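When the chains are written out, they are named A, B, C, D, E and F in that same order, and each has its own residue count from 1.
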Amino acid sequence: MADLVTFGETMLRFSPPDEERLEIADQYDVDVAGAESNVAVAAQRLGLEATWLSKLPDSPIGRKVAGELRSHGVSVDVVWDDSPERRQGTYYLEQGRPPRGSEVIYDRAHASVTTATADDLPTEALEGADCFHTTGITPALSATLATTTAELLERAGSSGALTSFDVNFRSNLWTPTEAKEVLTELFPAIDILVVAERDARVVLDADGDAEAIARKLDDEYGFEVVLVTRGSDGALALSEGEAFTQPTYEAPDAYPVGTGDSFVGGFLSQYLQGEPVQKALSWGAATAALKRSIPGDMATIAVQEVREVIGGTTESLSR
Amino acid sequence: MADLVTFGETMLRFSPPDEERLEIADQYDVDVAGAESNVAVAAQRLGLEATWLSKLPDSPIGRKVAGELRSHGVSVDVVWDDSPERRQGTYYLEQGRPPRGSEVIYDRAHASVTTATADDLPTEALEGADCFHTTGITPALSATLATTTAELLERAGSSGALTSFDVNFRSNLWTPTEAKEVLTELFPAIDILVVAERDARVVLDADGDAEAIARKLDDEYGFEVVLVTRGSDGALALSEGEAFTQPTYEAPDAYPVGTGDSFVGGFLSQYLQGEPVQKALSWGAATAALKRSIPGDMATIAVQEVREVIGGTTESLSR
Amino acid sequence: MADLVTFGETMLRFSPPDEERLEIADQYDVDVAGAESNVAVAAQRLGLEATWLSKLPDSPIGRKVAGELRSHGVSVDVVWDDSPERRQGTYYLEQGRPPRGSEVIYDRAHASVTTATADDLPTEALEGADCFHTTGITPALSATLATTTAELLERAGSSGALTSFDVNFRSNLWTPTEAKEVLTELFPAIDILVVAERDARVVLDADGDAEAIARKLDDEYGFEVVLVTRGSDGALALSEGEAFTQPTYEAPDAYPVGTGDSFVGGFLSQYLQGEPVQKALSWGAATAALKRSIPGDMATIAVQEVREVIGGTTESLSR
Amino acid sequence: MADLVTFGETMLRFSPPDEERLEIADQYDVDVAGAESNVAVAAQRLGLEATWLSKLPDSPIGRKVAGELRSHGVSVDVVWDDSPERRQGTYYLEQGRPPRGSEVIYDRAHASVTTATADDLPTEALEGADCFHTTGITPALSATLATTTAELLERAGSSGALTSFDVNFRSNLWTPTEAKEVLTELFPAIDILVVAERDARVVLDADGDAEAIARKLDDEYGFEVVLVTRGSDGALALSEGEAFTQPTYEAPDAYPVGTGDSFVGGFLSQYLQGEPVQKALSWGAATAALKRSIPGDMATIAVQEVREVIGGTTESLSR
Amino acid sequence: MADLVTFGETMLRFSPPDEERLEIADQYDVDVAGAESNVAVAAQRLGLEATWLSKLPDSPIGRKVAGELRSHGVSVDVVWDDSPERRQGTYYLEQGRPPRGSEVIYDRAHASVTTATADDLPTEALEGADCFHTTGITPALSATLATTTAELLERAGSSGALTSFDVNFRSNLWTPTEAKEVLTELFPAIDILVVAERDARVVLDADGDAEAIARKLDDEYGFEVVLVTRGSDGALALSEGEAFTQPTYEAPDAYPVGTGDSFVGGFLSQYLQGEPVQKALSWGAATAALKRSIPGDMATIAVQEVREVIGGTTESLSR
Amino acid sequence: MADLVTFGETMLRFSPPDEERLEIADQYDVDVAGAESNVAVAAQRLGLEATWLSKLPDSPIGRKVAGELRSHGVSVDVVWDDSPERRQGTYYLEQGRPPRGSEVIYDRAHASVTTATADDLPTEALEGADCFHTTGITPALSATLATTTAELLERAGSSGALTSFDVNFRSNLWTPTEAKEVLTELFPAIDILVVAERDARVVLDADGDAEAIARKLDDEYGFEVVLVTRGSDGALALSEGEAFTQPTYEAPDAYPVGTGDSFVGGFLSQYLQGEPVQKALSWGAATAALKRSIPGDMATIAVQEVREVIGGTTESLSR
């Protein structure tokens, strides 16, 4: 009875507190972070029943990942890996402020999830789900996962679910050429495509403005919705030939990681309930804006807060 | 499809870090603590499907309580209180070491849960549950909750669930006389009675040794199991006329709060799966012993750890 | 021999560290916060002898409140409540940054202070005091406190003290209509009225600009001074028919809670020493500006710092 | 109207958190610590009106010391040193556990207090005080302070106060020979002498058991009370020729610093109220035992806790 | 001009603060930990010039490892790995207390060091070094490292250095059979063999008491010194046919990780300076005892502390 | 074989966490801070072999200073002071935000280093060094250090090293007149003079713009390079009669302490390797800009980061 099933890797994230450097800090904050579970968390908090599908090491570290996601109400449907080689993917994040850049060091190779096949996974939640969502990170992680992604997209489609896919190009994982080859093979199975304008240019060789990009992708592959995210310039959705635009809401630069996932979670929370595209876009944008004020990868928000951002009724201090 | 449904109040718990005094500390650790949710957490971690039934304020604080319990896998079935008077019960715990005592300051009067009626609560999980569990704290919290407790015991019994009840006398909430009057009225509806030897003497006027106490209570009220807990002296269960004893496993004094609840959770995790009383007792004792090495109110344990304590195979450091 | 006696509730304040959410944080910073004690602290640090009058639970938590205020040099004259129902009022503060609002959750109902009568309180310090100050929060907390407030204002007046009152409307405690009814009955006993421009409009049905508001209130009720605070637009004082204005000093948005109380403390610190209204206003504004750079509710400042803000001589780093 | 006036240096104390080493830790806990202020704090918390007399740098650091002592209710009567050479004495404490020793690094030379003369100090509280207390640390800190100590003892005696003096030999500050010369010159002005058995042997050339030591000192110098503290062996008081002994209460080794000061504070709290020597000894011993369970230098205790230790009625956990 | 060169892997170590569980903690303490660098640190602090040889990822994380070791004065001679696959090995340590065991989760597969060949490494320090030390962990990490270990032992021997080797069997890395095969091939190149009594039995099929084990190993492979460590039962050294025994010094269980490495570092610090075996043993034992009172993997000690442990002159608190 | 030898005092620095006040905080962050060691750290991290020369107390606190500097790769050549009067200089830093200023309280009088003579110091590294650097703080600390500074400048010059000197006027240590007298006597021995424009005016009576100042100083004393730093207005270097200017790179106000030292370290890292003055200036400016984004006194940077700032290629988040 899930409304939304997402599939992908979720990592432990290590960050030095405050603005300390990774090299210097003696304590790291430990968070849980994954593009697809971020989407599930945002969507769950905004009213959907969300399930996250994955493979985790059978260890306190794997249980930590599961527990954090569950605490947001997400159902965690995972294979527990008890092989001797099991490992939890991690990444190090050092938040800079200009002129110092932020630093991301992935340590996710050989993680348990990279060996997950479609048959391993407890995919019961796919039956009857409204939507299946994953991202371009997943097939980039291993050849096995590329196959699994394709298979799950197919199964989801067969069982009547919408399929949603965020390109999410990661240059640390593969080249644009590799990405294009794998991803475009998946496109025919995808209903909702999310792509950052920059990724569309770099990976998918699209050009022109956001609308041109969306129309080109739609022409070429045929989607129900193409959603082009444009950073601080907002977003554009192409649906049934009509283009809808959405500016960003004012938001801080404080906690940028996870902004895009929150956008998708907010969008799907409305779109899957049959709300108009324009409304879904505004929920996506408001969720993304709120995320940027919240530490960590996930949008720990409430429905009421999204409504206030959209309505412009947030009070700075109410007592 | 819950195996175990528990009902009661869960509080926020504020404790100064390390051994600092409440009066001096500038930061408090924030935990989530409730006798019945503690039982649910222990049981869930040991293999049951557990649901916790309650009423919480519709606020970040109430959501915090729900989130923490969910992180252990427990299903949280609550009414969200959005009345202007909604409040989250709290307590302050200062952990002393002799000659300084530990200090508990309850601040739980007027909490949202104290107004919960049986009809308010989302009791769907009771249908088909194997067991319903609550404690003597719940009816002590308000007249409304005394009624609700009686009604839920009845409903649980009617729908074929075992009913389990831990006397858990709290002298800060009521007098022994008040407690006895209310509790003994509930006893006919109860299948499994858990009572600390001291409470049995003080509240229920039982005397003699643990077995005598169990037999007396059984004679008087008729239970499927009477479980008498005896602190560091172990525990005794009376089942179908037969007495089973269980010594404690060696355990530190470090984190005593929640020991009894962990015992019950460990016991039920086996008893409800049809395991013999003696085995269930050993799981209760091992879970309780492990709890005493773990900060907070809850037994954040794994099945494997319980097995090792019982088998005496815990390695102090394995690498 | 107090110069200033203030009366009201002081709460424990729980806030997540940094910008974390209340729902997520595992530690809360614990501060001490109350409109009237905030005024006492600011005034004491700026040279007055200040006494804070209240009722506190006889517990480590109550002692914590007393100790924090004493550390600033304020005399703490309280009744210690040792009834079984004693409780310390608290509030939760989550500091947001746009688009996320800040969140205040009061948990102050049934606090010990709500039962304080004028006869309970150790009011010796009122004898010979120069000034008695309280706020509109106090009578809003309980019917008992409304009576107590009236009685203390009368006693203070009788013993020759100036009476000062900050309207401080709190929509979480009562409606504008309720507030107006209770407060305007107190006005005849008040010499110095402090009111936020917004509260004057919402609660006291005043309109026009700040000066018009001040003159209307003065005409209607007759005050020695009417002080209208206007947030980032500064403040206006009406004294003996003459209006004095004061712009704000540049200040961050970082720690807004307690700004208004610091203004009053700074103003009174000069006014009660016979300094001109214009000078008192500048001390109020400088104290308020400094407060906004300091964590917590209270203005932990030094006289020298206020002088430097007024003189524009603060050095960003002197060594 | 002080009951007890103490005089001496109070330092900032820097300690690494937990059991970390000074060399490694990146944060130090900051406490306030001084033999004489420790006595004042214990006595104030146990019912006396205590005043602490000293000289502090006029700086945030000096204000920190004053604030911490005030938070316990102690009156802080100090000269504020605004000379360019003003400095706050500090010490570093690393708490070891065997076989690693604890480490104390004093950094107290040239502190503001070392220049305090009797005429500098605001000694009004001495008028009408019941008792004046200082320790052998004070005259060891500088020649000026040795003179000041003598003068204050004399003034206190002249104004009718009892004079109390704890030998408190510190080998880091002077040699036994130096100490003996200075201290024995002060003895004629002292009514209550407190001395550790070990110091009596090392500094005062006393031998025999505690009673022999007390009698010898009394014979030689003539005191109203001689109090010999014996570490874990308890204490002995000689008063009007009669010896009273007191065993220690069971206590942890956790936080030993300040044990002796707490003993003196507890003893004086009763002795100055006219309670029998034996009772005063038991209050001293109980206060000292409680101190050892409390982080920092000071006995943050309540009267009730002392009573429970003496009565053996402390409950490990009451709820 | 190094006295001692060690070679091996050094990991980042993540531990929850205090006694929290890995699954629950939101912050991990970050330490630096490796058997061979632990030896280098202890030896350097006790007077040798120590160099640590390894391969580290060219990243803030790799620099963190280097910086921590350098802070103890150790020379860090490493190849900086800037390949895309570079990674820093880590491990998770959860410190339990009985009945809860401690938990070690290695995440060190594929670390940069596993690809280090003898020709990669900057081995200049080996020229003229007095001693080269590594452990059985190193060849267990990869086939490449097994070869490198053999080669470095040979080079060290050729250049006239003593070779020291600690068997350090890790069951998470290989089986006893695998270990035996690889290690015994290295033995002919080794002068000083260190082996835990348990490892000697499990891996090397030795039996009898410690002396019998030492003699058997010496007979079979011919060493200059065989050092058998026996946990809390002390240690035995066989040197030129003579057996020397050393009991342990009293020490806490608090921080056991790194005890064995500290023993070796303490032993070598004396042995390499030509001190008698018996004295070297006592330095080993004292260093090991001190380590157990110090958080982290490394012995952050001073020469004076070792002397005091051996002399029994540690003062619990000196001031 | 050092490229750069610096000489001066390094202090422990105590700061309250976040924006808390020194008076209120219960923990202080502990850093290591000194103008000359800051230069050494920046230069070492940017490719030079740097040595820091000084005198430290033989204590855990002195070892802490040495360890922190070593962790950056700097060689620490110090006399260890084991006299009873040994002390470690410290300073308190409270970071304000307007209108609250930052506060620096020095506690460095009588530090061990103030007694260091040229003959005490282990100056071997000066032989063959490329450059010797110190600042105007050093001779201001004591008469002994003024002599030592002069002597080391002379020795360095004699052995063929460039001498570099940063005026670094500290009004808390001496008056402009005192500074001028001492410093101008040192100028003949100096090759590279660094001076803040403001110090040039206040201390050296220079006027006109930066170039005029540089030319005047060059005319009067004859330097190889005069480097005038101008805060946010950039810097100017005069070399062989030619003036080079450098604007600042955009940087936050967050962590200003140490900006100037980082500039010098960056400049020297290139200048000493024979790079053109203009390039050296850009490295100075980029290093300074990065420093302002990094907590503490030291520039914990990597060469790559400096290159990216200069090239404008820093990515805000790369993954």
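A few notes on this one:
Simple rule for what comes next: contacts are C-beta pairs under 8 Å (C-beta built on N, C-alpha and C of every residue); 3 or more make two chains touch, one makes a residue touch a chain.
Since this is a predicted model, take the numbers as computed values, not measurements.
Counting hops only between chains that touch, chain B reaches chain F in a minimum of 2.
For the two copies, chain C and chain F, the CA superposition rotation is 120 degrees, given to the nearest 5. Remark: among chain pairs E-F and B-D, B-D carries the greater number of C-beta contacts. Two copies of one chain, chain D and chain F, form a contact in which over half of the residue numbers belong to both partners.
With each centre defined as the average position of its C-alpha atoms, the distance from chain D to chain E rounds to 47 Å. Rounded to whole angstrom units, the spacing between the C-alpha centres of chain A and chain B is 39. Shown for chain F are the residues that touch two or more other chains, namely 18, 21, 23-24, 26, 60, 63, 67, 103.
Contacting chain pairs (ordered by label): A-B, A-C, A-E, A-F, B-C, B-D, B-E, C-D, C-F, D-E, D-F, E-F. For chain C in complex with chain A, the residues that touch the partner chain are 18-21, 23-24, 96-104, 106, 170-172, 256-257.
Put simply, chain D touches chain F in their complex at residues 14, 17, 21-31, 59-61, 63-64, 67, 85, 87-88, 90, 92, 94, 103, 105, 107, 109-110. Those residues of chain B whose C-beta lies close enough to touch chain A in the complex are 60, 63, 66-68, 70-73, 302.
By the touch criterion given at the top, residues 18, 249-252, 254, 286, 289-290, 293-296, 300, 305, 308-309, 314-319 of chain C touch chain F in their complex.
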